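Mind having a look at this structure? Questions to follow.
Which chain is which? They are A, B and C, in the order written, and residues in each are numbered from 1.
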Amino acid sequence: MPDVSGSSDEEDEGLFSLDPEADGEARITGVVKGKHIVTPGELVTSDSTWMRGHGTYSVGTSTYSSVAGTITRVNKLLSVTPLRGRYVPEVGDHVIGRIIDVGTRSWHVDIGAKQAAVLMLGSVNLPGGVQRRKSESDELQMRVFLKEGDLLNAEVQAVFTDGAASLHTRSLSYGKLRNGYFFSIPSSLIIRSKIHTIELPGGVDLVMGVNGYLWLRKHTQQLGEQGVSITRLAEEAGWEIYSDENEYIAPSIRETIARYANAIKALEYGEVGVSEARVIAAYEASKEYKGVGDMVENDAKRRIAQQALVFIQ
Amino acid sequence: MSRPEIYSPEGLRIDGRRWNEVRHIKCAINTHPASSDGSSIIEQGNTKVMCNVVGPAEPTSSSGGGGAKSNTNSFANENKVTLSVKATVAPFSTIDRRKRSGNDSRIQEMCLTIQHIFEEAVMGHLQPRSQIVISLYILAQDGGMLQACINAASLALIDAGIPMYDYVCACTAGMHDTEVLLDLNRLEENDMPFLTMATLGATRKVSLMQLETRVGVDKLEPMMAAAMSGCHYLRQIMDAQVRKHGKNRLARVGA
Amino acid sequence: MARDLKPTLIENTFVLKALTENVRLDNRSFSQMRNLDISFSSTEYGAVDVHLGRTRVIVRISAEVTQPRSDRPYDGLFVISTEISPMAAPTFEAGRKSEEELVISRIIEKSIRQSQALDTESLCILAGEKCWLVRADVHFLDHDGGLLDAGCLAVSAALLHYRRPEISIVGSGDARQVVVHPPTEKVPVPLSVLHVPVCVTFSFFNMKLAQSSLTAATSTTAATTPAKENDEIDMDTDDTDETAVLVDASLQEELLRHGFMSVTSNINKEICQIYKAGQLAVEIETLLSCSEAATAVAEKVTKLIRRRLKEDEVARNVGNVLEEARAENDRLVADEGVIQDMNND
């Protein structure tokens, strides 16, 4: 066992200099490779010219890390991105949420962030179209549209100064979810892309919330695909957008949904980032298991995650 | 029956360590990724503690202290995060199997202590109106329960990605006649005065110091010095584990 | 809730600002205790009334004969019960244990019971059958900070003052019986107190934090500025002078302090208990010097307790023949030298 009476010399690899005078190229590649980890209390730079962003704090002129993660540099802004952590909402994020509370003129929505998000009555489409005025009777029957326990997908409209998010569903791709299966994975595993509603092979849609909440559903003709002109879309929106009824889902579709879910859980088990390509790769890899239920074994999960990575490369 | 020799004239302790050696340490983070935001397990000798951290999240009435209504935000702190600490001592954690009641004042005091430590170490002002729940499970006790709990909580909070100034590391030191012994096991704890100390990272700043047995004031200084070097050593071990885990993870997650 | 009202912001600013200029609100020096007064009941043994500034605590000791615990047949029982009622301050709720109360009761327990200030073996009457149960009931009557310090020293003083009834054992074998003699029959005997623990609480103020909260409180825009991404408080590690250490904080200072440490020690320069639980992290050297300062305070306070006990004894025994009749040897006490009134420093 090591002797601790002696002076504890600091971690040799720890002190990572971000001195702007130093050779810029070598430094940046060191960061971009993403292999360098800083931990709380570690000195990031002793140069005061850097601006300190998320995940850092300063003592005098020195900047220290406050989380375990990797250094990110945008111009003069230094920040440390944590390896794990709760979802931090950003404007424009496509998220899935669950109504936890119906308030006055707003719903509280759990999106897996530090605080519940707010969905204002004014930020939803009500039956009857965009131009429809919200009346007092709408306020009184808010539970008819969305009640506690309902799932919906929405976009982050604004983020308040304390970090809470405000959502909106003012588009037909957002709104109440049905015909499917919900599960969640750590939000740090979701790889952001432009499109988070993915049509997967096998007649299944995946709504991949940036917050790590996922929805797998039977592929249905969306309103936009039914030949209604784009300008009249919102006006056509009827009561069905708030429907709680599931449509008929064939057993084969159910099995495909389960297979996709298990494939994504395998990626989660292997701590592999989840993207459209990887989900499809994992689905393909899972076909060597006949029964969907066989995929819940840890060995199977590990194999699928590895094969998904190989497949992409 | 002769009592076991706590410290032999050759300078060996009951389990074969020297005075300045800590027990075998094993720790891991992210042990329960599904049930919590951050989790850890630490073994210091035969003492074993598991920790789960949930949050920062919207405060709930059941865990938010006080009998407030379920109305969200009604008792959330507007300026900083609310911490709550719960500890469960497993009935099988000691040799004599015993069911412990949840409101043992010793355990309550320990929870409060850990809460006060991390209220200072966590950058609470960055998470206003939210709550962090730290749950500790003491699976095996062989001395140094408090230190293991503090170390486990530190690791779990880091795993949860919660901003902190530094690791909080804790260690015990005892005084056997005139000899200082580091990181005591249960037999040694029962035999001699000892103190538990926690430092903020590898600094000389002491976050916690507790002494519960009578000892001469002149013996305090050597005990404090030893405990502090123990804390600094533990920080290295814990830091190495966090880095190792981070490297593995980065290699797999990459976009 | 009105009962939890804290001092107003402007009061806080005033106190902190004064502290940064090395002035306490009542013009004490940082290491000075408030006026300490100990008085004993003139009619009963073991009832003590302690005033520490405006803080007031009374302790009553009582004893009864009972059965010892089966796992410790040679030990008597000693129980300290502390309850803070709304009488001390409206913030305390009757029946519900607050965090502060939990800490106070635990520290008094550790200071006195766990440090074996009372020799529990001497409370044994018949091994495994009969023993004394000594109870110390601590009542907090007024709260102006330092409940813990006042409570701890009140229990110590009361234990020294208490006299339990004399007993004798009649009969033999299974027919043995314990007879408790009322004080009119036999002179009550003092408890065997091994040492006198005295608790001193040091309050820590981070001067830089105090400064920054002053500037935040004075700027009206503080409430509207968005939450900062990083921590702008400069914690200059080189500056060891940033922590102000106050002895015996008043209630307002207690509410504002950034951290505290309670040290219980006795006149023999022994530390019985140290409690520094989280909050502001303080340099190790500061903690060490506080512990040493605590022993000096303990010495002063112990001498005061001894002096008051002696005064009480003199007053109590005017024209009393019982004092002459007792068969005990005088105990050796360490304060035979100069008795110094600690209020005069």
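Convention: a contact is a pair of C-beta atoms (placed from the backbone, for glycine too) under 8 Å apart; a residue touches a chain by one contact, two chains touch by 3 or more.
Since we're looking at a predicted model, the values are computed, not measured.
**Student:** By Cα centroids, which chain is closest to the centre of the whole protein?
**Tutor:** B
**Student:** What pair of chains has the most C-beta pairs in contact?
**Tutor:** A-B
**Student:** Where the centres are mean C-alpha positions, what is the separation of subunit B from subunit C, in Å?
**Tutor:** 28
**Student:** Would you kindly tell me how far, in whole Å, the mean C-alpha position of subunit B lies from that of subunit A?
**Tutor:** The mean C-alpha positions of subunit A and subunit B differ by 32 Å.
**Student:** Suppose each chain is reduced to the average of its Cα coordinates; what separation in Å results between subunit A and subunit C?
**Tutor:** 54
**Student:** Would you please write down the residue numbers of subunit A that are in contact with two or more other chains?
**Tutor:** Touching at least two other chains: 57, 66, 162-163.
**Student:** Which residue numbers or ranges of subunit C touch two or more of the other chains?
**Tutor:** Those would be 227, 229, 231, 237.
**Student:** Counting only residues that touch at least 2 other chains, which ones in subunit B make the list?
**Tutor:** Subunit B, residues with two or more chain partners: 123, 128, 165, 200.
**Student:** Residue numbers of subunit B touching subunit C in their complex, please.
**Tutor:** It is residues 105-106, 108-109, 112-120, 123, 125-126, 128, 165, 195, 199-200, 203-218, 220-221, 224-225, 228 of subunit B that touch subunit C.
**Student:** Over in the complex, which subunit C residues touch subunit B? Could you list them?
**Tutor:** For this pair, the touching residues of subunit C are 99, 102-103, 105-106, 110, 114-116, 227-229, 231, 237, 259, 261, 265, 269-285, 287-288, 291-292, 295.
**Student:** Across the complex, what residues on subunit B touch subunit A?
**Tutor:** 17-18, 20-24, 30, 33, 37-38, 55-58, 72, 123, 127-130, 158-167, 182, 200-202, 226, 229-230, 232-233, 235-236, 239-240, 242-243, 246-247, 249-255
**Student:** Using the touch definition up top, name the residues of subunit A that touch subunit B in the complex.
**Tutor:** Residue list for subunit A touching subunit B: 1-5, 8, 10-11, 14, 34-35, 37, 39-41, 55, 57, 64, 66-70, 82-86, 100-101, 108, 110, 114-116, 162-164, 186, 188-189, 191, 268, 270-273, 275, 309.
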